[in-house]
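Each of the next two complexes has chain A plus one more chain, namely chain B in the first and chain C in the second.
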Partner chain A sequence: MKHETPLLDQLESGPWPSFVSDLKQQAEKRAKNEEGIDFQIPQDVVEDLLGVLELSFKDGETHWKHGGIVGVFGYGGGVIGRYCDQPEQFPGVAHFHTMRVNHPGGKFYTTKYLRELCELWDLRGSGLTNMHGSTGDIIFLGTTTPQLEEIFYEMTHKHNQDLGGSGSNLRTPSDCIGQARCEWACYDTQAICYDFTQEYQDELHRPAFPYKFKFKFDGCPNCCVASIARSDLSFIGTWRDDIKMDQEAVQAYIGGEIPPNGGSHSGRDWGPFDINKEVINLCPTQCMWMEDGKLMIDNKECTRCMHCINVMPRALRIGDDRGVTIMAGAKAPILDGAQMGSLIVPFMRAEPPYTEIKEKVIEPIWDWWMEEGKNRERLGELMKRQGLQRLLEVCGFDPDPRMVQEPRSNPYIFWKEDEVEGGWERDVDKFREKHQR
Partner chain B sequence: MAFISSGYNPDKPMEDRITDIGPRKYDEFYPPVIANNKGKWLYHEILKPGVLVHVAESGDKVFTVRCGGVRLMSTTHILEICDIAEKHCDGYVRWTTRNNIEFMVDSEDKVEPLVQDLESRKFAAGSYKFPVGGTGAGVTNIIHTQGWVHCHTPATDASGPVKATMDALFDDFKDHRLPAQLRVSLACCLNMCGAVHCSDIAILGYHRKPPMLDHEYLDKMCEIPLAIAACPTAAIKPTKIDGADGGKLKSVAVKNERCMFCGNCYTMCPAMPLADQEGDGIVLMAGGKVSNRISAPKFSKVVVAFIPNEPPLWPTTVATIKKMVEAYAKDANKYERLGEWAERIGWERFFEKCELDFTHHLIDDFRDPAYFTWRQTSQFKF
Partner chain C sequence: MHPLHIFSEVLQMALDYEESKTKLIEGLKKKSKSKTKFYFNDLAKILEAKPREAKKVVNRMIIDGHLEYWSSGSTSMYGIPGMGKQAAAEHED
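So, the complex of A and B:
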């Protein structure tokens, strides 16, 4: 190896897969180059990455410079410029740009396709990736400026593949595994994710927003892609009719024939399954009970938290009248503290071509946010600044108690003039006829 | 190294240009058993840690073997995944939201050979390449950010502390002994591109020194109004500084006591770096979740205000996390998430049981919502 890495080497022991070992095997493969690849960026790029990382471990500080405007022609996102602040010492990573590659829904792959991507990235980049970035993209980590257009050209021409989002635009939408392999998915998360990604390609590639904007699609309220916590518009599958029940399977759970919660507590003896303790008493709305040996649910009172269904997946199933609940404004703490998504649509159908969602929710919200949002203001912050009422007004939604945790506890209502009989224009002289100064 | 053209002509960038085509369509990559049964799954069961079976209405079953992946992954490693997927799974594989790799087979007899194969593969220095686990009431993979590998604003590394933490939690990656699932996440600065703010345990990099001001560079480089506007606490104002050549430089002044160390100014202006070996370190947060199960989604709360960076193994961070996990494992009820447990027993008990100090840093004083986190009842525990 080109650089000594005594600190990093300590991260090679222990059972969890070692990224240091992986970087080293990659460095070695590039050095040997048994396949005779005509590397388009420095052959020792990975060795220099190990070197600069070791230096950071020593210094306790990063050695990457602040961004840099690089990209591909016509796009304002998808590429993040990165330069090393010690380029003389580590020339292989002097330029080390990132490309975001829009991942397929559900993150399913064929090896044929993965091999194609690897071949492209070994030739024109470091061969290092993130599988995947936090938003969902495949991240190509580390290439030089002259390679960006070449990679984009090959990607679009040979692999029918586009870049993902970055900067003040629509970020790459992402989804849970959904109906592909989950019995709880209330709508086809992959279909809607793909449809919106295609529909809004312009917004994804060309920054026209005040700041980033994220869509995420969770098939059910278990929220495996965390849409409720991190997406400006979060789509959570739900249903309006009754939970479907199989009383025989309920008995099988009670009798201990089927392990509760799909066997997820098998590592400890929790004692025999107790339907009262583990299901009925934990129901947040207390809408379940046993009657004549049968499990009963007052479905009207159910808030679809998924607990009973999670515990007894073979006995209880999601209803058939399905759609999405839409939450708006979630974000991580920068700037004004973290925000959870707030409910703006209790229920809407999520079936192609999704016209109602696009025209009644997404587009009016974007118009409002692009008009009123300040530079680097997320949707949630605009909602906080102008109020949930404003968003409802923009979308033309009727207020609904389902949209609040509780009604306001202060009476400081910002009445609008047209809501007040007779308006606000008054004649003070007339007032004085009745009231002396 | 000879430049190899892709066919792109820099003189005519629009020639034959293909844009706005989006990702590959998901269903190109479905294994047949998934394509055949999509939307028709009946139920699932975890046969043992890391191994799931999903059963469809048709009677078809798909067996999934989940194993830990490292987010920072080389093509060498991906190609090995391809080899495995071709050997056992007809060339199909998927990743989970939490960086795990899932190999799927369509019959039970294919499971054990696959598990054996995965568990037998180790890196030269001894760590597992594909540890099987990450399901049910255990610890699954840590989602994380770039850290010192690639980011310009981190206050800690990402891959290093993740590796050290997962080594310590490895047994729980491969077991189902916890009361519920435990999600650990890491973001290397409070920009949180990893969105760790709703995790059972969050590891967060944090700066503690206000930005330095590189005035000469600032004058040339930065849009001063943008840097000022970026500050959430209005701690930055414009100023003029005497330059080395006797001239005046346009720059900014920072009211240090108002700085919350978010680094937003640095994002807008590279002449205001914050990173500092002594100043930077780790905040631990706990009790968040994203699921709507039983209780509403919750934010993680700050439970340790600061732990210095201790590369390469971050021993204090790891030991503190381990202590929390053990206290939770011992005391929480079945199905209770870490945050639900803390709320049931009370945060005063949480600190006691986890043997954590409560310091003034943990009392919220950031704007209005802070008030609602102070105790406004006489109900508390001695």
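So, the complex of A and C:
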């Protein structure tokens, strides 16, 4: 290796796989270049990356400059400029820009697709990737400015791929694997994710928002992409009718003929399945019971926690009257701390072309946030500052008890004079007839 | 609508664009002693326009090379090409 890295080497001694070992492996691969690649950026980029990281450990401070004016023509996102502040010592990483590639819906791809992307990146970048970033993008780590347009051209013309979102843009929409593999998906997450990605190309590539904005699509309340915790607008599949039940299959679970949880806890013997202990008593709203050997559910009390369906997937199935619940304002803990989404739409259909969702939810919210949001203020912070009531007004929604996060605390909804019969004025004489002073 | 009317509307927009461009560049230059990178909101304020209207002008100015993007990765800003410390450091030789 080009640089001594005793501090990094120590990181390899722990019990977990180390990224340092991965980097060394890649450095060695580039040095040997057995495939005869005509590297377009310095061959020793990874060795210099290890070197600058070692120096940062030694100095206790970063040697990266943050951000920059690099990008591809017409796009304000997808490329994040990275420059090293010790370019003489580490010329291989003098430029080390990140590129975000819009990941396929549900992160569904073939090995051929991955190989093509990796070949492109081995040729024109460091070969180092991040599969995937927090938002879901395929992240290419480290290339030089002259390579950016080349990579973008090849990606868009040869591989039919686009860059993802970064900066004050709509970020790359992200979804769960949905109906492609999962019987619990209440709507086609990949279809809506693709549709919104196409519809909102301008928002995705040309930044004009106060800060980042994320859509995430979960097919059911299991929330496999955690949309409720980390997207400004979270779409969670749900149903309005009853959970479908197969009483014979319930008995088969009780009798041990079908393993619970789809057999996923079969690594050790947990004893015979106990429907009371493992399902009925764990129901958060206590809306399940056994009657004459049959499982009963009081569906109007069900909050779609998914536990019973997860444990007994062959006996219990999602209902047929399906759509989405929309939550707004979630974000990870920068600035104002972590925030979960607040419910703004209890139920809406999610069928193409999704006009109601676009015109009644997304676009009014964007117009409000673009005008009222402070610089670097997420939607959730604006909602906190101006109140959920304001957001409901913007969308034209009526307050609904299902929007209450917890009683007596959130949200406060105040009546306005024109919403109350007779307004605030009253006949004092008439009042005094019944009430003493 | 008669095609000529559409054409005149396009012309009207073009006039607005030229006006807005001058207004924005002057506005930014006035402020450039204290800073050289601006949030989108700052641009909309100078243009005295709603964000969506301002965005149309700003997008075109980017394409025409009168403005450039700056991004930290999490936040995007705008600047006049060539202005600011970073431009000198980053304009590649």
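Keep this in mind: the second predicted complex is superposed on the first by the 386 of 437 C-alpha atoms of A that agree within 3 Å, B and C clash if a C-alpha of one lies under 4 Å from a C-alpha of the other, contacts with A are read in each partner's own complex, and residues count from 1 in each chain.
By our rule, contacts are C-beta pairs under 8 Å (C-beta built on N, C-alpha and C of every residue); 3 or more make two chains touch, one makes a residue touch a chain.
Keep in mind that what you see is a predicted model, and the values were worked out from it rather than measured.
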Task: chain B or chain C, by number of chain A residues touched - done: B
Open item on the list: Quick one: is A:69 in contact with chain B, with chain C, with both, or with neither? Answer first, second, both or neither.
Closed with: second
Open item on the list: If we overlay the two complexes on their shared chain A, which of chain B and chain C does A:290 touch? Say first, second, both or neither.
Closed with: neither
Open item on the list: By the touch definition at the top of the document, which applies to A:252: first (chain B), second (chain C), both, or neither?
Closed with: neither
Task: Partner chain in contact with A:37 - chain B first, chain C second, else both or neither - done: neither
Open item on the list: Is A:169 touching anything from chain B or chain C once the two structures are fitted on A? First, second, both or neither.
Closed with: second
Open item on the list: Per the contact definition in the header, classify A:370: touching chain B only (first), chain C only (second), both, or neither.
Closed with: second
Open item on the list: Quick one: is A:210 in contact with chain B, with chain C, with both, or with neither? Answer first, second, both or neither.
Closed with: second
Open item on the list: I'd like to know which partner A:98 touches here: chain B for first, chain C for second, both or neither.
Closed with: both
- [ ] Indicate the residue numbers of chain A shared between its chain B interface and its chain C interface, in ascending order.
- [x] 66-67, 74, 98, 146, 202, 375-376
Task: chain C to chain A touching residues, read off their complex - done: 39-41, 50-52, 54-55, 58-59, 62-63, 68-76, 79, 86-87, 89-90, 92
Task: In the complex with chain C, residue positions of chain A that touch it - done: 66-71, 74, 76-77, 79-81, 83, 98, 145-146, 166-169, 202, 206-212, 367, 370-371, 374-376
